[in-house]
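Same chain, two partners: chain A is paired with chain B first, then with chain C.
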Partner chain A sequence: MEIKIGMDGDFVIAELSGDLVAATAEQFKSQLWKLLEKNFMYVVLELSKVTFMDSSGLGACMAAHKAFNEKKGALVCTKPSETVAKVFRVTRADQKLNMAGNRLEAVMFLQNAVLKARQS
Partner chain B sequence: MKLENEQVSILVADDDPLVRDMIAIILQDEGYHVDTAEDGAEALQKFSSGSTFGLIVSDMNMPGMDGLALIRAVREAESDLPIIILTGNSEVTTAIQALKTGASDYILKDENIQDTIGIAVEKALEKHFLKKQNQLLQEELARRNEKLELEKALAQKVQKNILPRDLAFPGFEVGSFYRPSDKIGGDFFDAWENSGRVHFLIGDVSGHSTSSALIMAVSKGILQSLGHTRHDPREIVRTANRMICNIVSDSGMFLTLLYGVFDRSNDELTIVSAGHNPVFLVKGSEVTSVDSTGSVIGWDPEDTWDAATVIFSAGTSLVLYTDGLTEAKNKAGTEFGEEGLTALLTDNLPADILIGRILQKVETFCTGEFSDDLTLFVLKRIPEDG
Partner chain C sequence: MDNTVFSTKIEPTFENVSATRLAVEAACKKNYPQPAAEPLIGELLMAATEAMNNAVEHSGAKEVEIELAAGAQGLIFRIKAAGKRFDPPAEIGFPDLDGPDGLPEGGFGLAIIREMVDAVDYAYNDGKNTITLTKYISKS
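Coming up: the complex of A and B.
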C-alpha cells in the first residue's frame, strides 16, 4: 500500500493505492494520525486506487474518521474503487463515513466543515 | 552494554620474545590484561586451563604447534574465541588460509604494527561482542516466540470450547466448519432453542488477531445471554451493539453478525444482518439471498436494525458463512466469490455433505491457502418425523 500526500488549497489530499488490509492498516493509521498531530484537521481520502480492503482496513478507516471527528476536524472519503464501495455498502460504512462523489465535492464538504467549526 | 578493555584478557603467542613482549606492551597500554605463550602448544595449554581469554593473538610460524594448528585446536574445542594471526609479508597466502581455518583477522608484522594491532584487536572484539549479543537476542526471541505459541495453543483450546459442538435440534440437520487463519480468530457461530424458537447466529470480528479473539468471546457471551431471555432479533442486536460499542470504543474494530430466530409455530424465520455478507436459502435448485439489514456492530451505540422475514419450510437449507470463504483467492488473485458459492448450492444435500462439498471446492480453488478465518454453518429443515 502507498499513501501519496498532497495539498489542495488548505486541505490535505491523501491518495491511497494498493491493498488496505491487516498488514497495512497500521501504516495507514499512523500516517493519518501524524497529520492530526501536525494539526492538518481536514483531509480528503481518495480511494479509487485501492485494490482490496479487508475488515482491518475498514476498521482503520472508521477509527480515522472517529479520530478526526474527536479533534473537531473532518475526514472525507471520495471515489472508492468498486471493491471498496462494495465493502462500504454491505457494512453501511458509507452511511457513517463522510462520502463525496469527487474531489470538488470533497473540498466543498470540508469548506463547510471549516465554516461550521468557526461558527460553533 | 559497552565493552571495556580492562575486562578483556588477551593471550599473545609468539616464539620471538621481542615481538611477543612488544605486542604485550602495546596491548597493555591499551588497557587490556595480557598473558603470553612461547608457542602454540603453551597457548593451547593456557587456553584449555580454564583461563577466560577474550582473544588470542598468535604468530603463524612457531616451532611445534603453529598458528594454523592452534586455530584448529581452539575451534575443535567448540570455542568461537576471536584469533588474530600475525604474519610476515611473504606469508599472505598462508594468512588467507588462516582466515579460512577460522582466524578472525590477520595483521602484518611490519613497522605499522603498533597502530594496526590495537585496531585489529578492537575490531575483532567488537565483532565478537556483537555476534554474542545477536545470538543472545535471537535466543531470547526464540524463547518468547515459543512462549507465545504455547499461549496461542492454550487460547485455541479455550476458543474451541467457546464454540458449540454437536448442535442438534428436532426438525433440523446442522453442520458446521470453523477454521481460524492462525490458531485463534474472530469468527463465531452458535444456535440454541428457547421456548419453541430456534436462535442461531454467525459473526466475524474485524481482523484476526488476539484482540479479535477477545471481542469474539465477549460478543458471543453477550448475544447468548440476550438470546436466552428475548426473542426479537432486532432488540437483541441493538442491545448487544450498545454493550459492544463500549468495549471496542474508538478502535474502529467491529463485527458483522447475522442473528436469526426461527419460530416453530408458523415456520417464520426473522433475520437481522448487521453488515454480514449475504446468506443463502436453498430449496432444490432455487437459491435466494438475505442481504445486510443494517450497519455492522461496534461503531455507533445508537444504531438500529431492520429485520427480514422469510418462510423456512422443510427441505430448505440456510447457508451461513463468513467472508473468509468468498474472499479466498486463487493464485491469479481472483476471489472464490458469492457466485462460486451459490453455484454449489443447487443440489439438495444433507448439511454436512454440503459443507464438505463447499470446502473441497474452495480448497481446490485457493490451493489450501487461506488468509482469513473461515466459518461455514448450515441449518437444514427436515420434516419433524423424518
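Coming up: the complex of A and C.
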C-alpha cells in the first residue's frame, strides 16, 4: 500500500493505492495520525486505487474517522472501487463514514465542516 | 467430483494472507474466466481473506493449509489450521454501528464471511479447525 499526500487549497488529499488489509492497516493509521499530529484536520481520502479492503482495513477507516471527529476535524472518503464499496455497503459503514462521489463533493463537504467548526 | 485447482501451506502471517489471496484469485479466474464471474470471485476472496486473517490472529498454528477446488456448482475454498476447537456463535451479525461505544473498529470478519458466500461449514478433526466456503458460480 502507498499513500500519496497532496494539498487542494487548505485540505489534504491522501490518495491510497494497493491493498488496505491486515498487513497494511497499521501503516495506514500511522500516516493519518501523523497528519493529525501536525494539525492537518481536514482530509480527503481518495480510495479509487485501493485494490482490496478487508475487515482490518475497514476497522482502520472507522478508527481514523473517529480520531478526526474527536479532534474536531473531518475525514471524507471518495470513489471507492466496487469491490471496496461492497465492504462499506454490507457492513453499513457507508452510512456512518463521510462518503463523497468525487473530489469536488469531498472538498465542499470539508468546507462546510470548517464553517460549522467556526460557528460552534 | 470436485477438482483441487490450487493448494498451498503457509506460515500464518498477514503478508502471506495477501500473497495467498492473489494466488487464489488467479486460480479462480483461470477456472471461471467469464466477466460475469468476477464479482462472485471477489466475494469469495473477501470471505477467504477473513477466514485466513482469523487463522493468523487466533489459531496459534505454525502452518495453515489452503485449498481451492472447482466443482460442478462453483468454487470451494478450504482452510485448515491446528489449534483449539473453534465453534462459531449461533447467530452471526454485523456489529452495531450505533452502540454506546461509538463506531466499532472490529468484529466484522465472521459476518463478512457469512454474507459473501453461499455456504460456510465449520468442522474440527484431528486437532484442526477446517472452514469450508462454497460460492456458487455458473459455468456458462
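The rule we apply is simple: the second predicted complex is superposed on the first by the 120 of 120 C-alpha atoms of A that agree within 3 Å, B and C clash if a C-alpha of one lies under 4 Å from a C-alpha of the other, contacts with A are read in each partner's own complex, and residues count from 1 in each chain.
In this text, contacts are C-beta pairs under 8 Å (C-beta built on N, C-alpha and C of every residue); 3 or more make two chains touch, one makes a residue touch a chain.
This structure is a prediction, so every number in the text was calculated from the model and none was measured.
Once the complexes are laid over each other on chain A, chain B and chain C cannot both fit and instead clash. When the two structures are aligned on the shared chain, A:Lys34 is found in touch with neither chain B nor chain C. Applying the stated contact rule after C-alpha superposition, one finds that A:Glu82 touches chain C and leaves chain B untouched.
For chain A, the partner touching the most residues, choosing from chain B and chain C, is C. After overlaying the two complexes on the shared chain, residue contacts for A:Leu58 are found with chain B and with chain C alike.
Contacts of A:Lys116 after superposition: neither chain B nor chain C is touched. Residue contacts after overlaying the shared chain place A:Ala22 against chain B and chain C alike.
Shared-chain residue A:Gln95: touches chain B and chain C both. By the touch criterion defined above, A:Lys71 reaches neither chain B nor chain C.
The residues of chain A shared by its contacts with chain B and with chain C are 22, 54-56, 58-60, 62-63, 66, 90-93, 95-96.
Residues of chain B that touch chain A in their complex: 204-209, 250-254, 256, 275-277, 291-292, 294-296, 299-300, 323, 327, 372. Chain A contributes residues 19, 21-23, 52, 54-56, 58-60, 62-63, 65-66, 82-83, 86-87, 90-93, 95-96 to its touches with chain C in the complex.
Looking at the complex, you find that chain C touches chain A at residues 13-15, 17-18, 21, 39, 42-43, 45-46, 49-50, 53, 56, 94, 97, 102-106, 108-109, 111-112, 115-116.
On chain A, the positions that touch chain B within their shared complex are 22, 54-56, 58-64, 66-67, 70, 90-93, 95-96.
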